[in-house]
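You will see two complexes here that share subunit A, one where it goes with subunit B and one where it goes with subunit C.
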Partner chain A sequence: MELKSRYIYIVILLAVLTSLPLWVGGFLRDALILFFLYLAAAEVWGFMAKHAGIVSLGQQIFIGVGGYTTAVLSMYFGIPMYASVIISGLLGAGLAGLLSFPLLRLRGVYFAIGTFLAAEVIRLAFSGWEFVGAGKGLIFRDAYGIPTTIIYYPALALAVISIFLVYLLYHSKLGFGLRSIGADEDVACGLGVNTFVCKATCFILASLITTLVGAVNVIHHTYLHPTSAFSISWTVNFLFVAVIGGVGTIVGPIIGSALFVAFGYLFAQYLGLSLLLEGLIVLAILIALPQGVWSAISRKLKLNLKPPL
Partner chain B sequence: MIGMLEVIGLTKRFGALTAVKNVSFKISEKEIVGLIGPNGSGKTTLFNLISGFYKPDSGKVMFRDHEISGLPQHKICKMGIARTYQIPRPFLEMSVLENVMIGALYGADESLGKSRSHALECLKFVGLEKKKDVPAHNLNVSERKMLEIARALATKPKLLLLDEPLSGLNPKEVAQARELIRRIRDDFGVTVFWIEHIMRALRGVVERVIVLNYGEKIAEGSFEVVSSSSKVIEAYLGEKWVIG
Partner chain C sequence: MDMKMPISAAAITKMHAIIMAVVIIIAAVGASASYYLTLRPGAPEYIKIGWPAPLTGTLAGFAETTPWMAQQVEDYVNNKLGGIYLSEYGKKIPIKIIIRDTKSDPDLAATIAAELITKDNVDIMLALYSPAMTNPISAQCEKYGVPCIVSQTILLSWLMGAPYEWSYAIGLAEPDFAILFFDLFDSMGDKVNKKVAMINADDPDGRGFSESIKIVAKARGYTLIDAGLVPYGAADYSSYIYNWKSSGADILTGNMLFVDFATLWRQCNELGYKPKIVAMSRALLFPSWVEAIGGELPNGLIGYTWWSPFHPYKSSITGQTASQLVEAWEAHSGKQWTPVLGLTHAVLEVAIDAVKRAGSLDKTKIRDALAETNLNTIAGPVNFKAPLTPQQQARYRPFENLMKYKDHYVVVSPVAIQWVKGSKWPWEMQVIYNWESPEIPETAKMFLLS
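Here is the complex of A and B:
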């Protein structure tokens, strides 16, 4: 494919995606919003995990912080909602920067445990914090009545931004540093890579996106509760989306997120069983295609795509 | 001659074991110095102390008149000390060129474009340019050894620490590598500190040899002097082999 025609395809695709809410039904709009939000968060989660070797099990911190900050700023401080979303993103990024100091000194599985514990601590803090509704949760009344035709756009924008971010990051100087850290952190440091600064930058960028996902999600969902907002199931779902699609690829999470949302709707009627069914399907996919669905497809079709596609 | 590296009373303990015990020496600019000693004598630990991977328990490391002991590895690398590993540690999933680019990008603080051409030069120097696009896990032992050297050179070091660069090479490759090490000094003006297990491999290339045994420096001097020293022979072969 020539470079020019490739750009034309991207433009057509974006045009279709932007006009989509005008001609699809409400049900599909809901599904698409979820699809974009999970896609945005899973892209950055997968990049961090696969290329930089930073496996976080605490990204729910940022989902929760994004949601609570947006709701509180809009309702209690009268800040316009779009501004609340942006401020929540900055706050999430700042929090990620602060958390980097204790957490990024840990490596591998210890980092994963550390991030999970940090999320639990923050969940407990929110459960006892009266100002944000404590254990009763918080209803985001200001977001009532915002139609999905509008919420669709920030969700789409986040997915697109996340994909471009991962692409640019991979090909940047920072991306090289992160990949060397993912491969062998001590050797990378010996070659002059400031491993802490590289890892922290990556963690902050990924958490910024994840916070914004949490912010848009609360506008869509209009309800917050500490147990669900800071639940590890968020990160497990991002992991699911990234891994079944093909972790560390850009196309993988697109397929993964579509499958995830489709499963969610398909199994919704079997209430208690839905998680079990999803779990079984993931196991089946991973046993059959350990590199994920997309890697299997691209190998079968001999696409020879350059990473990180 | 200008001082490049000065190690003063360096000591490193691991529990009850003293891996490096009160070691002092100096290396001048553009010297090639060999570091030998039996297995477990503390050679690699000494490299880990100089490159900043370990912090010393006492003593200090001076590099071009600045104390570097206690600094993080990446800072020491940027100041001009690069190292290779005895068992090569390439970034397996990355291409050979990308491996070397890491050194150029970060150690020498170059841009992406500049680092690419610089890394290619380094690969040409060690004779690996044909493999530049191959993933590093496809390289054999001797190619990995050369990749280690190229990657370290890409950081533009003033002092290069080579940890057994000849192990695993066949006799022809050993001869080429010895020539390469000489050229690293002659062409690039890099000072070389070279750990070697096989003493005779150093002959004719090094100006000086430092000998460690049980973490202590037991001899230092020209190759001829050191290799005939009774203390050194005793350390390597045992007391009964010392003649006279």
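Here is the complex of A and C:
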């Protein structure tokens, strides 16, 4: 009974979110799209980092690959845009699978450096690749006609899927293996957890979501440039969203993403100071609330939530 | 799967409360925002000009003058002129220039441009300072149907997004630079040999410049001693320098980051390679870059510029001449002028002129007025309908987009400059070759380095 009423609220929440683009203004739609996209990517990044001990600094690979694949497939090959998005997701997941073999042999900080270097290599390759516009970038003209009232839905769907994915992963057998790896990889291995398969599966799923985020983002922003599509700032932003909210929780990134998007708009007004202000606020939050905003709230209210909420 | 987990009653009620609160907050924010946004008064309060600019980050040097320029023009128009007369409302309406920091990030530039359009309802947009900024901003303007003035960018890169419906550019054409340099070399006659040492950065700019130089050099009978495309941050150029020295190349040219060129030129000096002409693209645009080379080494280096205080133009808004604008900036900031000053002012002239002629804030009317622009600005005449000159036609013919979308851009012709010791600042540029703009005075005679 109690559980049922909880689901009713979730259904109401989803109903409100689904109908939102019909009655809110254009700017709020824009902001919500960004909110959902950062939320989706940060949820899976936070899960990987906190529970599976996979700290990737190369998720921008998948943002870039998702964006470029979607734009190139629909512009140069005439594939319908929704199909291009799906293909780009599969390609991103495949690429994550391939990268798993060399990269997941590395652990901890070496893995982080490895993913970052992989992203740099791919960025350089795209910077010189004339077919995708090289350093001039790529303007995704076909996406001009797609209004934000439509882009809103894949963004919302990604956020919801990402949240459910993290919830299910956490409680699955795979998640159990991942958490044991996160706690101590050698012990997990000794207990018979196939660490490579567990980590690779998690990395592939997270990268699939991130690729789709990149794909939806390019439809929204209609422009790609290798230095920004494969920029570490993407991963730093996901890290920011996850850490500010509370890394490893589901609710944390929701708060983190809302703060991140609001900061982005707010600080752009303070000319020449935006980066400084943003840095100071992050520093302040991290010093005051090292576990993130959500962890602090839930502790204060004594919510006693079970992880991964 | 969580059915098995017991949940305390207290947690449930708190959960209910939180979810309820979230729903109510979202509904309230959404309702108030949509109410606010749909509430548009009859006569507009302001003519809003949106300007996303890279005030921080790697492109910050380009946007240094932006806030000052916007403030100057806004004050002049609103206080001295009482606003811009719009015939549709039969009265003068003040302008409001809304600047936002893009942090030099193309993706944020798109976000910010969309915010200016959807939240601030800007009537016209300005997009300046390199393709990484102009392309995402004008893409958003195309998407939402907002008139956009693009400037201080490389036209071939920007035209990748063509055809444009809402955006018009006052830009630089890549094919110009190589020809400008070789026309200058040719003018030296027998004083220099026809051997050209060349080095370019391994990036799109460097690659593009290298391609154009190869074509022109071959056509004009010059021999190239090409070091090829070199990655950023190389520490040792000695092998290239020995090669140039032994082949006796009198001319050194290329397109590099200024930090890399500074290293290269210092090493040339140490190793005794003394070309008679050093003409570099990109590395010698800003005085601060030139100064960074150090010592007496910058003396006589050649670059190009698209604007200077010597350009005989004046503002259509304030009546200021180019040199008066430079004086005002230097007095305000205590910093030496840079070539971005001119176009930063000119875009505001073009925007205000278009709105004035449209007599309305209807975006289609502003766009149509923009297309008909025929204005003498502080950066020279802007007329999108004017045909290309025969020389330009000859140069641009290989580039389909430049030929096809002529109605959406005007080219600012570069002139060649030489850096010399200055009276007010350590290094000042002198116009040594006005190329295809006879109205621009040549302020000094070019000298050879040895």
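Criterion: the second predicted complex is superposed on the first by the 306 of 309 C-alpha atoms of A that agree within 3 Å, B and C clash if a C-alpha of one lies under 4 Å from a C-alpha of the other, contacts with A are read in each partner's own complex, and residues count from 1 in each chain.
Please note the rule applied: a contact is a pair of C-beta atoms (placed from the backbone, for glycine too) under 8 Å apart; a residue touches a chain by one contact, two chains touch by 3 or more.
From a predicted model like this one, the values you see are computed outputs, not experimental measurements.
Touch criterion met: A:Ile10 reaches subunit C, while subunit B stays clear of it.
A count of residues in subunit A touched by subunit B and by subunit C gives the higher number to C. Of the two partner chains, subunit C is the only one touched by A:Ser274; subunit B is not. With both structures placed on the common chain, the touch criterion links A:Pro154 to neither subunit B nor subunit C.
By the touch criterion defined above, A:Cys189 lies against subunit B but remains apart from subunit C after alignment on the C-alpha atoms of chain A. In the superposition on chain A, A:Leu20 contacts subunit C only, with no contact to subunit B.
Shared-chain residue A:Arg179: touches subunit B; no touch with subunit C. Subunit C contributes residues 1-3, 5, 7-9, 11-12, 14-16, 19-20, 22-23, 26-27, 29-31, 33-34, 36-38, 55-57, 60, 67, 99-103, 105-108, 110-112, 114-115, 117-119, 131-132, 135-136, 139-140, 142-143, 156-157, 160-161, 202-205, 207 to its touches with subunit A in the complex.
Interface of subunit A with subunit C (complex): residues 2-3, 5-6, 9-10, 12-13, 16-17, 20, 23-31, 34, 127-128, 133-141, 143-144, 171, 217, 220-223, 225, 227-229, 231, 233, 264-265, 267-276, 301, 303-306.
Of all residues in subunit A, only 172-173, 176-177, 179-180, 183-184, 186-195 touch subunit B in the complex they form. Listing the residues of subunit B that touch subunit A in their complex gives 51, 53, 72-74, 77-78, 82-83, 85, 89, 91-94, 98, 101-103, 105-109, 111-112, 151-152, 155.
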